[in-house]
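In what follows, structures are represented as structure tokens.
Presented sequentially are two complexes of chain A, the first with chain B as partner and the second with chain C.
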Partner chain A sequence: MSPRAQSAVKLGLEIAVPIGLLLAWQAWTVHAQSQYFPRLSTILVQFRDMWLFSQFGEHVVPSLERILLGFGIAVVVGIALGIPLGFSRWGRVAAMPHIEFWRAIPPPALLPISVVLLHSIGNVQKVSFIAFFCVFPILLNTIDGVRGIDPTLIDTARSYGIRRAARIRRIVLPAAMPQIAAGMRISLALAVIIMVVSEYFSSTSGVGYVLLISKNTFQMGPMWAAIVLIGVLGYLLGLAFALAERYFLAWHRGWRAVNPG
Partner chain B sequence: MSLSVDDGEFLCVVGPSGCGKTTLLKCVAGLLRPTQGSVLLRGKPVTRPPEEMALVFQEYSRSLMPWASVANNVLLPLRHKKLGRGERKALVRDSLEAVGLGAASDRYPWQLSGGMQQRVAIARALAYQPSILLMDEPFASVDAQTRGDLEDLTLRVREEYGITIVFVTHDIDESVYLADRVVVLTHAPTEVKEIVGVALPKPRDQISTKELPDFAHLRAHVYRLIKREQVAAGEPEAGEPATVTVGK
Partner chain C sequence: MATRGDVATAVTTVEPRVQRGVRLPFERLKVTLVFVGSIAASLLLWELVSKSGLISETDLPAMSTTFSKLWDFMHTHAFWTAFGQTVRGWALGLAVATVLAVPIGIFLGTNDFAARAFRVPIEFLRPIPSAALIPVLFLTLGTTLKSEVFLAAFGAFWPLLIQTMYGVHDVDPLAVDTARAFGLGRYERLWRITLPGAVPYIATGLRIASTVSLILAFTAELFMGVPGLGQKVNEASSYGLTEDLYAYALAVGFLGVAIHLAMSAVERRALRWHPSQRSVL
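Moving on, here comes the complex of A and B:
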């Protein structure tokens, strides 16, 4: 099959499979007539009513803000800590047990502490909560990325008298970026999940809050519409990230094609 | 080991494998600190890579940044020199022209062949305008025909820019072809076995210089020195099958 035909088939599948699933979902819910599983058509109507665009500003925007802010902080902190740890074996020996410990705790377990410590359920608490858990994939991937840099590249920079700060900016960061981006991708998906968890637990706004309220008032339609929205948000964020990665890391694909493994 | 390099000369260093040629070069470059002894540059000890020195590695593909274009790769060392932007661009353009890669400045290193990548590394070293160039087996990973072109490029560049070159190689023909003097090292524990002066006429040429009887004599002399070292180190001579004992 020619490359063009192949891309056409791939695109076709990417569109057809979800549509097929949606049709199956509709057919099943119509048939099942269950109170807890409203028809897909009902859900979609609710979706349009709620999210396009009456409650968009009230709930979707705060949720998005929290995700992006928490993710952004995690990126900065993860990279800032990961680079020195990537270079220092002693640093790693000292830090890894702590990292592994905190990383292993499931987010819901730390929710009450987060609320109590910060005396609030406002944005600061939410954002810091998201940032805390999103740090780990980025941190660990940054460490690995830095450790994997070819020493010849560093030696070259040193031999030209490039000092450490400039080396980090111009050599270490770009060289480790493919690995860091992999960590960022994971963290972004994690941010969506943690956002929902923290809003579901206690919040006054946001998509997770809507989920909670509609559950408490037994409104299945809005509840499902919220679920669908969360899925769509996650998908769109992931798509945006993939497009950005494709652009900024285009060099990596080309380089890999010539230097496999 | 005690060795001195004259200003403006082309010094080749050869020796049996594993005798520490790369380590020596890294010490001279200021990348490694010697456990004993010192490296002096114009009388002053070298503790970190000196500004007037540039280094070209054997693994060119690993010394070039894959995320940057050829031009940006050549530009990197210049960013930290006090130069105007126009000056930097001119240096990059000129050095790429000098190595014959004027048309490739916007391509990426991994899009180029091995020989071309090594030229980029050389261009980068040239743009830096060093007074001393250290080259660690730079053409070992390049095919034989390209090697000849790159050798001539090095000689031409040296003539044009007046740079002192210290060139480590295991290729004996190459060392005699390029050098003003050839330093022959012993096997470990390494010392200077002999320094051979090369009085071949300049400019050197891949065909006519290598036809000269003096070239053959010098080459044979260096080869014999190395062979004796290899035998003394216990390496099997080429042509002698390694013996394999089976059974008791």
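Moving on, here comes the complex of A and C:
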């Protein structure tokens, strides 16, 4: 096969296979007549009726707010703690056991505790719970990123008399940013998961709440519509982050292209 | 959307530990002291915050109370049964994910046509939080081990698949071409060149997947009532037994740390010969 024909076939596959899978899903649900697996077409109609946009403000907006607020707090805290820890060996030695413990514990194990401790099942508990667990990937990547900076760079800046605040803003942050962004991407995906889990555990609004209520009342259409929405949310947030990263770290791509490895 | 950055990150984070061996004995002692001291200080702080009433003991039981509760649990049969059930769910989930993800990852990593055909479905399915599947599993498979293993395996599948695909893809093409020039067959090339080259990536995937598998095994127990530590936490939560809640959380946390340490050791072993582990000088 010529290279041209090959790439045509690949493009064809890339378009045909997902469509084929969706058709197979529809065919299977039509054939199975299962009470738990409504037809794909039914799910899509339900999706449009619920999320575009009659219940969007009531349930999707609160969930999005919690994700973005929790994620935002995690970014600020993670970077603010990660930079000093990246420079201090003893700080790292002291902080590591705590970071490793909180990173290893399954977040849902702390859900009931967070409710007891914060006396809340509302936004205070949701946002702080999301923020708490999203800190760790960002924190660890910031530490790694700062440690990876060429010490000559910082010594040079210091010998030129550039002050600490300016050094951090102009040298440390940009140099560590690609790695910090890698941590932020992991945290954003984590934020969606934790949002769903914490709303499913206890809440009065949000996508996870819809999931729970429709399961409890055996409304399969809304339940599947919520599952699809969660998938779409996860995908779109990831995509938005990838685009933002591409834009803000464009200089890094260019730099990597001329300095490979 | 794992980019090269993720994978590279996963490989390099293991690196700093290698240097520890060259430090002076006194330095090592100091590291141990700071390490242990930091843990002791935080435990003391926990005790003080609770006993002084800064946070009331009904909301945050003292450190000593929580640990003695855990100690009591450890003398009961029920605790170890639940502990074993959680470990079983974790292990089976991870095993099922590995058996599926590694062969599929090798196939997709070596076959460009297949990789392109399934790129979009993978990109769409991967970011779906597995937790969204809980209601479906609850209604169809019920409160059984099957639900737990399915959920754990589903979550653990993706990081392993992506790591395997990258690992296979990243094998030095020169090595593969050389093997081909020496007349090695397709399967021999796969067995002798591609797979060993991908092992470090697969090991990293395994470490990530093992954490995910534990989280989801526990989540299945918490939300679906599958027997295990998660179900115990759910019970303690519904009866308002705050001390039990904290003791179980500690137990799950220690289990998580143990699994993380074990898998990191496996990963370091798999990476021992890898260039990222060689000292530069």
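Keep this in mind: the second predicted complex is superposed on the first by the 242 of 261 C-alpha atoms of A that agree within 3 Å, B and C clash if a C-alpha of one lies under 4 Å from a C-alpha of the other, contacts with A are read in each partner's own complex, and residues count from 1 in each chain.
The working rule: a residue touches a chain if its C-beta (ideal position, glycine included) is under 8 Å from a C-beta of that chain, and two chains touch if they have at least 3 such contacts.
Not measured: the values here are computed from a predicted model.
Trainee: Using the superposition on chain A, tell me whether chain B and chain C clash or fit.
Mentor: Here chain B and chain C can both sit on chain A without a clash.
Trainee: In the superposed arrangement, does chain B or chain C reach more residues of chain A?
Mentor: C
Trainee: A:Leu64 contacts which: chain B (first), chain C (second), both, neither?
Mentor: After superposition on chain A, A:Leu64 lies in contact with neither partner.
Trainee: Taking the superposition as given, does A:Gly238 touch the first partner, chain B, the second, chain C, both, or neither?
Mentor: second
Trainee: Let me test your reading of the model: by the given contact rule, A:Lys215 touches which partner, first (chain B), second (chain C), both or neither?
Mentor: second
Trainee: Just checking: does A:Pro174 make contact with chain B only, chain C only, both, or neither of them? Give me first, second, both or neither.
Mentor: first
Trainee: Mind working out whether A:Ile99 is in touch with chain B, chain C, both or neither, as first, second, both or neither?
Mentor: neither
Trainee: On the A-aligned overlay, A:Ala166 touches which partner chain: chain B = first, chain C = second, or both, or neither?
Mentor: A:Ala166 sits against chain B, while chain C stays out of touch.
Trainee: Once the two structures are overlaid on A, work out the angle chain B-chain A-chain C from the Cα centres, in steps of 10 degrees.
Mentor: Apex at chain A; the opening toward chain B and chain C is 90 degrees.
Trainee: Give me, in Å and rounded to a whole number, the least C-alpha distance separating chain B from chain C in the superposition.
Mentor: 16
Trainee: Do any residues of chain A touch both chain B and chain C, and if so, which are they?
Mentor: On chain A, the chain B and chain C contacts do not overlap at all.
Trainee: Chain A touches which residues of chain B in the complex?
Mentor: Chain B residues touching chain A: 26, 29-31, 48-51, 53-55, 57, 59, 61-63, 65-68, 76-77, 79-80, 108, 110-111, 128.
Trainee: Within their complex, state which residues of chain C touch chain A.
Mentor: 1, 3, 5-6, 9, 12-13, 16, 31, 34-35, 37-39, 42, 55, 59-60, 112-113, 116-121, 123-125, 127-136, 138-140, 211, 214-215, 218-219, 222-223, 229-230, 233-234, 236-237, 242, 245-246, 248-249, 252-253, 256-257, 259-260
Trainee: Considering the complex alone, what residue numbers of chain A touch chain C?
Mentor: On the chain A side, the touching residues are 9-11, 13-14, 16-18, 21, 36, 90, 93-98, 100-101, 103-113, 115-117, 119, 140-141, 144, 147, 178-179, 181-182, 185-186, 189, 192-193, 196-197, 200-201, 211-212, 214-215, 223, 226-227, 230-231, 234-235, 237-239, 242.
Trainee: Name, in rising order, each residue of chain A that touches chain B in their complex.
Mentor: Where chain A meets chain B, its residues are 150, 152-153, 155-163, 166, 170-171, 174-175, 177, 251-252, 254-255, 257-259.
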